[in-house]
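Look at the two complexes coming up: chain A is in both, with chain B in one and chain C in the other.
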Partner chain A sequence: MGVAIARGWQGYWAAVRLGWAISSNWTRPLLFIVYSVLRPISMALILAVMYAVITHNSAAARPYLAFLIIGTAFWSFIQEGVSEFATGILEDRGRYHVLKYTYLAPLDFPIFLVGRATSKLASASASVVIVLVVGTFALGLPINALAIDYPLLVVACLLAFVAIMAFSVTLSMVLLAGRDSHGYGEIMAQFLYLFSGAIFPISLLPGPLAWLAALSPLGYWLELCRRAILHGRVYEMFPQLSDGEVLGRLVLAVAGTLVLGYFTYLISDRMARRRGYIDMESNW
Partner chain B sequence: MTQYSPLRIFFKTVVARAYPRVIATWRQVAWIFFDMAFPIVGSLAMVLVYQGLHAPRQYLGFVVMGGAMLAFWQNVLWSMATQFSWDRGNGTLELYTIAPTTFEAVLLGMAVGSMITTTIRAGVILVAGSLLFGISYASGGALAAIGVFLLTLAALYCLGMLLASLFLFYGREAWHLATALQEPVNFLSGLYFPVRALGSYVAGGASLVPMTLGLDAMRQLLLPGTPVFIPVGLETTIVAIQVPLYAVLAGVALRFLETRARSEGKLVTRWE
Partner chain C sequence: MAGTSPSSNSSRPAVETRQLGRVYKSRKDVVVALQGVDLSVNQGELFGVLGPNGAGKTTLIKILVTLLLPSSGQAWVDGLDVVTDYRALRHRISMVSGGENAGYGLLRVREQLWLFSQLYGMSSSAARSRIDELLERLGLAEVANRKITGLSSGMRQKMSLVRGLMTDPRVIFLDEPTVALDVGAARDVRTEVRRWMREDPTRTVILTTHYMQEADELCDRVAIVNRGEVIAHGTPQALKQQVDEDVIVDLQLEPGRPLLDALRAVEGVGAASAREEDGIDRFSLLLADDAVLPRVLSTVEGSGRRVTGLIRRQPTLEDAFVKLVGRSLHEEDSAENGA
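And then the complex of A and B:
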């Protein structure tokens, strides 16, 4: 048992290091950091300018700016964890032709996938911090690092990471069925953008879509992040719910994502083995 | 043996390279859907942000027009700028190099093929977005806007040719460079807001990307009341100057980098 755990940990850590190396060793570390933050910062600036154009920076609208910037900052986890991760797995198969070896290795394949996803989430954390710093100093958000409710933030983020990993691992397995599915991860992340409440309250979505969005853990996670960082000074999507109630909903939604992801993974894994998707030549 | 004139070879190359661009679109039908869905979903998100801010309806038009232009910028980045890098990876660049034609003809063919397919997609995005969000345009400026649009496309794809030459030297970096150019350009070119909001210095710098001025000019023509960055006439003139400027620069960069790539053996490097 102990040996199995040690081997699993070793494999997991190797996958984390591999993911990190593939993500970052194409350039120098400094350039990689600049590259990592360009996208989220640009996104935050787009929203800040849109906000400024419409509200003329009125004090009454400041909570909404905080809503936009914090949502954009934490969105990096989804961008990296879903889009970049799915692309990475497809590259492993089609471009580097190594997926078949990792699949055959004496290590559970999901452990490898979780390791790869971990490296993506770790690299996203730098851009989250930098966007929040930019938001504080350049856009004047009243974020005080000493006043953040860290326990709430950490619990919410850990739960969300479980959901993101479950989703992205399953998605990458499903995408293996496509010969030219490169880029679908990015599109999926875009769709999640709509349903997550990252840049607008999910109540603005048309009825059925708002109902669907309420089933996703992402909205509750982002709500808790906003509350943990700027409680009372940020626009809230669920003002009638207490922190505990939002956390309860997050736990339920994460559990649902895990169960759904597990069964979808089993089906797509079986299909991938039967139809030869793991080592299929794809369009690279 | 029949000798064909260089001009005939040039145009035949343009047609030959444009052909697979148009035909290949229909080989992967799912991509047609996703190519359109991507800008529409992005635009929808921005529309909902404006609705959350209780913005005037006119701003929704900004977003839809920006979404349509986004299709072109993505196409320039992924199907022009990174193309030689991909071609080198899959071995096609070697064939281009030994073929009795010019890289310019190949690039022009790529641009023409891309323009045709992307214009159809952008048209669908514009029509669908406008109907979905109930946006109306000033019909009086339509003809002039079409002219500005064509000019912007020409400048944008000439910029794409220039980027393709520069990207020739990159391996894995090409992919990341294209990704890095996406969101910052979306911001600087005022894809979702009037570019005037960026101030004259930033917007002036962003004008190096033809989409910035072209989009602003089209908005001024089609959405009256758009905050004016600089007058339409001047914007159009600058975009018109960018067409030959980027074309010449692309040619120069191509010669220089081709020579360097030949001497360093970079033309035949596979999947760095």
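And then the complex of A and C:
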């Protein structure tokens, strides 16, 4: 058991190094840094401008600006994580032609995928900090780094990472078992964007969709992030729930996501081998 | 014991299949890629799988390496069921396919190999030393720090072989490992495969190849696959004996009208194959006896084509293949296909 864990860890770190090499080597280092910084800032500023136009910067709407900026900042974890998993499958299959070899290696394939996408989550962390700093100094959000409830933030983020990995592994395995899979990563990310409460409360969704969104862990996670950073000074999606109750729902939703992801993984893995799609040729 | 080869450990075959079959279904088509394949490959054997394109060789290999599920039958590799024990099996096998540009182009050769060693759970230091040893043997030491995008296709293919060998699998599957390699590189690959097997006599190689001479030279036994079925298997020598009593003639003709079907129709011609080399059409004919030759020459003359060479020679594995399959491995790739 110990040996298996050590080997899993070893394979994971090798995949992390691979992911970093691939995600940071597509251009010159300076351009990479500029891209990594400008992209999240642009995204946040676009939303801030939209907010300002719609609310006329009214003081009453300030908690919603905080809701929007924090949601957007943390959204990058989902965007980067989900899309990198999908890209990993597509690149390894169509561009590098190594998918069958990484799949056939004894390391569990999901561990390889998680490792390959980890570097993107690391760069997403940087993007969160950048957006929050810009939100504080350029948009006047009342964020005080010393007043943040770090334990709550860390616990919520760790749970959310597990859920994001489960979502992403599920998506990757579906791609593995599919013939035409370009664009699925972005579709999934945009789908989750709607249901996560990143830019508007999930209660605004039509009835059945709101119910569906309430099953997802992402809304609870973003709610806890907002509360941990700006408790009482940010719009709350679940005002009737205490922090502990939101955390409890997050734990349940993450557990459900894991179970769903595990079964999807088993089914997709078998389907891919039954159809013979793992080593198929695809255009890149 | 469920999922385990029925043979005892000591006599356990490296690869065993029973009535193995695979059908590909689509909305329009049902293609039988493999049917009723029974094979047993001993530990320590270098076993060749020969067959024309589309015969089912790659499907067989894909099932044995756990990339593809069979539609029927069972298969075991190193005693493990390829369907139920696939996770355990992946620790014991590896696969190398020729003719593909596999590799993370932005990594250096050594980095790429080290990455795979980690996915196989090798210790980093053992992996580095094994990688250096194999790179040296295959003449790649000088490019160890070069990015993969900068390698020739031959170098990439050799690097893939290093990847396959470095983890010391119990059974390695080599799918056309020398295809498109120049003569020297192909020789290096064959030499390394032999040396790797000598290092541990229980190691097993399953090789598919288009090159009959390579199969004849390397393989302890071969199976000939055609239309999804194993139509013959045995040592190259035993297979060659199937054409021992035939008269084998090579004819060289100047290019002209298609002639292959006409030659096959001559009474006493057991099999015929053709290929084009350097602008000359070369036919290999298996004749029942010497008396058939005049009829063959008469058919050639009647077609208006001119004979530029005629040799009677000893049988080869390719002759046995042509007799069993009805055409040569090169035929479908050759411009002379109906020559």
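Remarks
Going forward, the second predicted complex is superposed on the first by the 280 of 284 C-alpha atoms of A that agree within 3 Å, B and C clash if a C-alpha of one lies under 4 Å from a C-alpha of the other, contacts with A are read in each partner's own complex, and residues count from 1 in each chain.
Everything below uses one rule, namely that a residue touches a chain if its C-beta (ideal position, glycine included) is under 8 Å from a C-beta of that chain, and two chains touch if they have at least 3 such contacts.
Just so you know, these numbers come straight off a predicted model, no measurement behind them.
In the model built by aligning both structures on chain A, chain B fits alongside chain C without clashing. When the shared chain is aligned, chain B comes close enough to touch A:204, but chain C does not. Of the two partner chains, chain C is the only one that A:276 touches; chain B does not reach it.
Chain A is touched at more residues by one of its partners, and among chain B and chain C that partner is B. Within the superposed three-chain model, A:74 lies out of touch with both chain B and chain C [touch as defined at top]. With chain A as the corner point and C-alpha centres for all three chains, the angle toward chain B and chain C works out to 80 degrees, nearest 10.
Contact with neither chain B nor chain C is seen for A:195 once the two complexes are overlaid on the shared chain. In the superposition on chain A, contact of A:51 is made with chain B only, not with chain C.
After overlaying the two complexes on the shared chain, residue contacts for A:101 are found with chain C alone; chain B is out of touch.
In the superposition on chain A, contact of A:112 is made with chain C only, not with chain B. In the overlay built on the shared chain, the residue A:43 is in contact with chain B alone; chain C does not reach it.
Taking every C-alpha atom of chain B against every C-alpha atom of chain C, the smallest gap after superposition is 7 Å. Contacts of chain A with chain B, set against its contacts with chain C after fitting on chain A, share not one residue.
Listed in rising order, the residues of chain B touching chain A in the complex are 28, 30-31, 34, 37-38, 41-42, 44-46, 48-55, 59, 89-90, 171-173, 176, 179-180, 182-184, 186-187, 191-194, 197-198, 271. Across the complex, chain C is touched by residues 7, 10-11, 13-15, 17-18, 21-22, 25, 96-98, 100-107, 112, 270, 273-274, 276, 278-279 of chain A. Within the complex formed with chain B, the residues of chain A that make contact are 26-27, 35, 38-39, 42-43, 45-47, 49-55, 61, 64, 68, 95, 178, 180, 183-184, 186-187, 190-191, 193-194, 199-201, 204-205, 284. The part of chain C that touches chain A in the complex is made up of residues 24, 62, 65-69, 87, 90-91, 93-95, 100-107, 111, 114-116, 118-121, 124, 163.
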